[in-house]
Amino acid sequence: MSVMLECRSVTRRFGGIVAVRPIDLTLHAGEFLSIIGPNGAGKTTLFNLISGHDAPDAGRITLEGVEIAGHAPETIAARGLARTFQHGRVFANMSVRDNLLVGAHHRLRAVKPRLPGLGAVAELALALLRPPGVRAEEAALNREIEAIAAIFGDRLTPRLDQPAYALSYANRRRVEIARALALRPRVLLLDEPTAGMNESETLEMQHIIGDLKAGGQTILLIEHKLDLVMRLSDRVIAMDDGAKIAEGKPDAVRQDPAVIEAYLGHRAMGEAL
Amino acid sequence: MPLSRRTLLAAAALPAFGARAAEPIVAGVSGPLTGPNAQYGAQWKRGFDLALEGINGAGGVKGRPIEYDFQDSQSDPRQSVAVAQKLVSDPRIVIELGDFASPASMAASPIYQRAKLVQFGFTNSHPDFTKGGDHMWSNSTSQAEEQPNLAKYAAKLGFKRPALLHLNTDWGRTAKDAFMAAAPGLGMQVVAVEGYLAAEQDFRPTLVRARDSKPDGLVLLSYYADGALISRQTRDTGLKLPILAGTSNYSPKFIELGGQGVEGDWVMSTFFPGDPRPEVVDFVARYRKKYDQEPDSFSAGAYDTMVLFAMLCDKYGATREGMQAGLLDIKDVPSVIYGKVAFDPATRRVQGATYKLLQVRDQKFVVWDGTAPAAG
Amino acid sequence: MTLLTLRKIDTFYGPVQVHFGLDIEVRQGQIVCLLGGNASGKSTTMKIILGLLRPRAGTVRFDGHDLTAMTTPKIIRAGIGSVPEARRLFGAMTVRENLLMGAFARSDRVEIAHDLDRMLELFPRVRQRLASRAGTLSGGEQQMVAMARALMGRPKLICMDEPTMGLSPLFVDRVLELIQTVNRDGVTIFMVEQNASLALAIAHYAYVLQTGRIILHGEAASLAHDPRIRDAYLGGKT
Amino acid sequence: MSSWLDYTINGLIIGNIYALVAVGLALIFGVSHLINFAHGSVYAVGAYIGWACFTYLHAPLAVTAPTVMIACAGLGVLIERVGLRPLAGSARIAPLLATIGISLVLDQLLQIIFTPDPRALTSPLPNWRIQIGGGTIGALDLLIAATGIVSAGVLYFFLRFTKLGWAVRATAQDRDAARQMGVDTDRVNMAVFAIASALGGLSGLLVGMYFNHIDPAMSFAATLKGVVAQVVGGMGNVPGAIFGSLLLGLTESYGVAIFGSSYRNLFSFALLLLILVLRPNGLFASARSTPPEPLTGSFVMPSRPVRVPRIAVIAAIAVAAIVPLAGAAPYVLQVLTNAWLFAMLAISLTLVAGTLGQISLGHASLLLIGAYASALLALDLHWPVWASVPAAGLVTALLGTALIAPAFRLRSHYLSIATLGIGEMVGLVILNWESLTRGPMGVTNIPPLQVGGVELDNPRAAYWVTLGVLVLLALLQTRLLRSHLGRTFRAIRDDDVAARAHGISLGRYKAIAFAVGGFSAGISGGIAAHLYSYINNETFTSTVSISALTMVILGGLGNVAGAVFGAVALTALPEMFRGTAEYRMLIYGLALLLLVRFRPQGVFGTT
């Protein structure tokens, strides 16, 4: 299996606090890797470093062999990495459809020429003139995002033209995942996709993510809900206090004494026993 | 509204002429009643009202009272052009007075010119104002005429190396250039020139900068409010220099705002309330009585303008054509600012202003007694 | 004895009705939890109790007070403490200042100092962080501070909105234990929870809210085995 | 050189004066996240109350100062209670606009009551002075410094060690959570307005005494400098505001020392921009660089916009087109021509402020650039007007975008303040770049609008040309907003972090939006130059920027039809009240307040 994403000795400090201690991580094509750990362990910071929303103080991050550490998030997104956010960041004043179309932004070709310097001018001109190529692309994208919305059953499709602020919390989380999928990501980073969902909604999300995995999607997941992690993950990394404390198959990590000490506690241990 | 009340009084006082004959003659005024320059519009109104009190009290012009229609433009070009359209399409209006600042006046000039309505800019010293067309006239003193006089007084006061502070606007710039042109011929070398921004209040750094060029006198091409501020702050920066200020500093406010900080300053003026000429004595007495304050050059300018307007109406007919013809021809208009007013048909500006040098002594303006300041 | 009563509450967000004749009772000394899916109106119920939102109809009574027309600060003074959703600590203030903010409505300085000591015994982990800015704490620590902060007001009733949200399993257990400890000390707890199985494990009584209506309520122990609950909230379909 | 000591002392003295204003602004921002544009008006009111106490009651300073503080505290409470509290819960732009309206009303009231004449506010303090360096320091300088230090100390003590102070800090951080601790946040708000306004009034009194000069126009300059100082220090940060004020004073003083007085404000704004670019959250902000919280709707309120049917748009254009034939007076045509010019500015602003979410407070500078570009092309390069006006649009698009580009990484209030600074700088550069712009003399004899050698110098022709250009620009913008660019801009507005995560490069799209906006504004300025025939650096001032923002908010942010409506309404309104002379700006201010109160999302709604 080819390596999709690799972190080597990635480090991040905030003032005097080390948020991420030198950490290594490898994600192969088609693999499902989960990161677990207590709040404040540095999981989301690591995500931010990978997606370019924050820059590491030291270390290398490569996406399909290309160095991306410290690159702008839009550049990394254009390389095929999509992510969702822990608390959800939908475009509240825009329709669900427009949210999803924005997800596909980096894939616009006809309307977004890559001319050095004059690209923006050409883009403006094409947007105003709307030649057939541009219109065809827009229509194709519209069909595509309708297909993506359909992944979520009847949750999103009937609401495509509603503004996102009118959606329920769970539906907004779904919009966010759909928007990430519209990017057709090579690597998908999901940050607590089921936060704030009840058990049946969590289960529904678990099926959707499972289907994505089955479709060959490479996924890096942060999640607290252990059931979901254990069922879906190929491998699990446990983090605490900015450092990786365990890595391996889900069951092995679950029974790792360090993980139980720092994260799972006696209840999980009891269950495991 | 005081205006309409006055009209009613005027009409009541002249019952013999009947309603038809008492139809008023109207001057349009475009100027600031609100916004940052509102204080000047307020001074204008005082001057206008005082003049009209006299004119209409004496029966108006050929039995018709004179009125003005003051349109607030905030001295903003967007509004002054709208005001101009309003005034030119109002058939009652036979002359337009104003606007205050050059951008507002000159933006409106093409409209007045096309309508052949005289635009009489009595505060517009921008050299290009009267070049906007043959219907643009001004009785504002031309800086080309005024500044050589100021320079002469500077020389008389013994200035050899003056520092010059000027308001960095079209007005201040024109004044500065004219002063600089006149200085070398009088044996003066201007050692520092500082243009300051219109809303400025803190002049200490500017004065330190001027001080470092070791001047022997300070020339202020400012308005009275900033002139007073500069003069006050001069002492705080350790400068002990004689200060000579241009005509627009002449105002009782100069002393009010400057206090002890302007004591001993020299101010050149065209208008001086202590002037023994009867029209000045009359104006000052009536102004004090009506407003319980001293007139300044802005209210005096407005007063003069209204008197001129009445004379034009009287002699050349209260029509738009009459105004233009009259200004080309009129001579010997009584004025509280100038001696007798006439206009140069080529520049369309007032001719022959006379200048006096005043000094602040014991918080009063007095005519300079001729003693030069002790070397500073 | 009933401490808190919500009677026939109708609530609207603009034209959208959120509550339809809501009836809830909280008995003194109990842990009562309100279960429900997203957008069922759980958090809105909290806002109604705390006076952050006004119902269009219905009454809220607490310990002899009519809360319906009272402002939030007065409601707090009447003896209700709040552990808001996502903790909502004052991040730029120290932990100590946060705890003292919890006693804002009180003026008995000596007793406040005494209570502060008591909190540090109850939450030993907080003691080490007393001088730190609250924003630098981990999520679990923040939850502890939020609970201690609410207790500093010496409330008769604490309203908790999703106390386990975003916490690691270790901290979830810790927080649930602490809720029980606090309750044993005589404080009544009214909590809103997503995680029905955890909530039912410690609660005495539970209400189930669905699109603004109470569809089910009863003793927690019996509800945990109710098939309707299992279907809707405990992943019964699997 | 000993002069540097003098420059330093002078800088500290004036910085001290700025600090008195900045502290109040910082307090209010800290708790309400609101730039209180009415603060300068409270400061002016304080000065006038002081004047009245001295003049009519012959009160000593020891009586006057507390009187001023109590009265201004009362005024602050009134502003909070009547003007701002009813707006709680509406979009954040609404209270901002309300403070502008309150400021207009207060300034006009002062002017009507006290006349616009400047007055002397003579210091009753003893007149001794201490020699320091080449200059002197007097009792009043020391009193001002002491007031600054004491009020900072008292504030620090208040915020750290008193219960109300804690309540203020808690409310500043999380209003809802503070309420759940039993804090009456309405009272906290009121207390903060009272304290800040008391300080503001006291500073008006002291500054008035310092200059021996007060006038109703003193308020805007004070607000401007106070806001700059506050932003330099970090918004809402009280020690930062004091430090920022002193730094600003020093920068101005040294700037004058090195380059001369005419560049003075250029330095304040250059300092502002430099600090914003290097430290986007001000000098005193904490250094954490984690991605910020979602900014969804930080300024923009979710609302369902009014959809104007196409037939109504066509009908409106048709009606507008036949107005001149229907016998409208030239005056009416001129007012409407102004409205069309303003509408071009408003659609420009509604694109960047509404659709892109970057509230610009310096938009008038684009008019200046356009006006100068077209005038100078026509006069100096002898371009025909039909070519110089579109060229001015392009020049403005390029230049305007280049100027704002360094500020692209700023957010919300910081971006707004940066645009305010850039706008002021444009005017100052025009004033000082004489070889190109003719400096303070301005540009005269600009040829009138003409097409094919025919001069369009009558009101009807000017009307039709401006209307035609406006319709064209508005249609272009509507088409643009329906393209992928429209949704890309809105995505940036709603959440720029999420937008970047999907490959949207902020720089590129902000540049496109500002360029399109710059084009419309530049055309508006260009046409205006030819209509006015004379322009100078003061033809379009910051008040025009504020008017344009008012129009855009009135119409509904991001809404093209709304922007045109706002421009027509707010151009016509002051004209309608022209007969009321001195009262008309008062009426305008009150009308503005009522609009904000009852329709904060704009008449046509936000899109």
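Odds and ends about this structure:
As written, the chain order gives the labels A, B, C and D, with residue 1 at the start of each chain.
By definition in this document, a residue touches a chain if its C-beta (ideal position, glycine included) is under 8 Å from a C-beta of that chain, and two chains touch if they have at least 3 such contacts.
Values in this document were obtained by computation on a predicted structure and should not be read as measured data.
The most centrally placed chain, judged by C-alpha centroids, is D.
The pair of chains sharing the greatest count of C-beta contacts is B-D.
We define each chain's centre as the mean of its Cα atoms; on that basis subunit B and subunit C are separated by 74 Å. The centroid of the Cα atoms in subunit A and the matching centroid in subunit D are 40 Å apart. Inter-chain centre distance (subunit A to subunit C, centres taken as mean C-alpha positions): 32 Å. Every pair of chains meeting the contact definition is listed here: A-C, A-D, B-D, C-D.
Contact residues of subunit A toward subunit D in the complex are 14-15, 45, 48, 51-54, 72-74, 77-78, 82-83, 85, 87-94, 98-99, 101-106, 108, 111, 119-120, 123-124, 127-128, 130, 138, 163, 165, 179-180, 183.
Subunit C makes touch with subunit D in their complex at residues 50, 52, 71-73, 76-77, 82, 84, 88-93, 97, 100-102, 104-105, 149, 153. Listing the residues of subunit C that touch subunit A in their complex gives 36-39, 136-141, 162, 165-171, 173-174, 194-197, 231-238.
Residue ranges on subunit D touching subunit C, taken from their complex, read 163, 166-167, 169-170, 173-174, 176-184.
Residues 17, 36-40, 168-170, 192, 195-203, 224, 226, 262-268 of subunit A are the ones that touch subunit C when the two sit in their complex.
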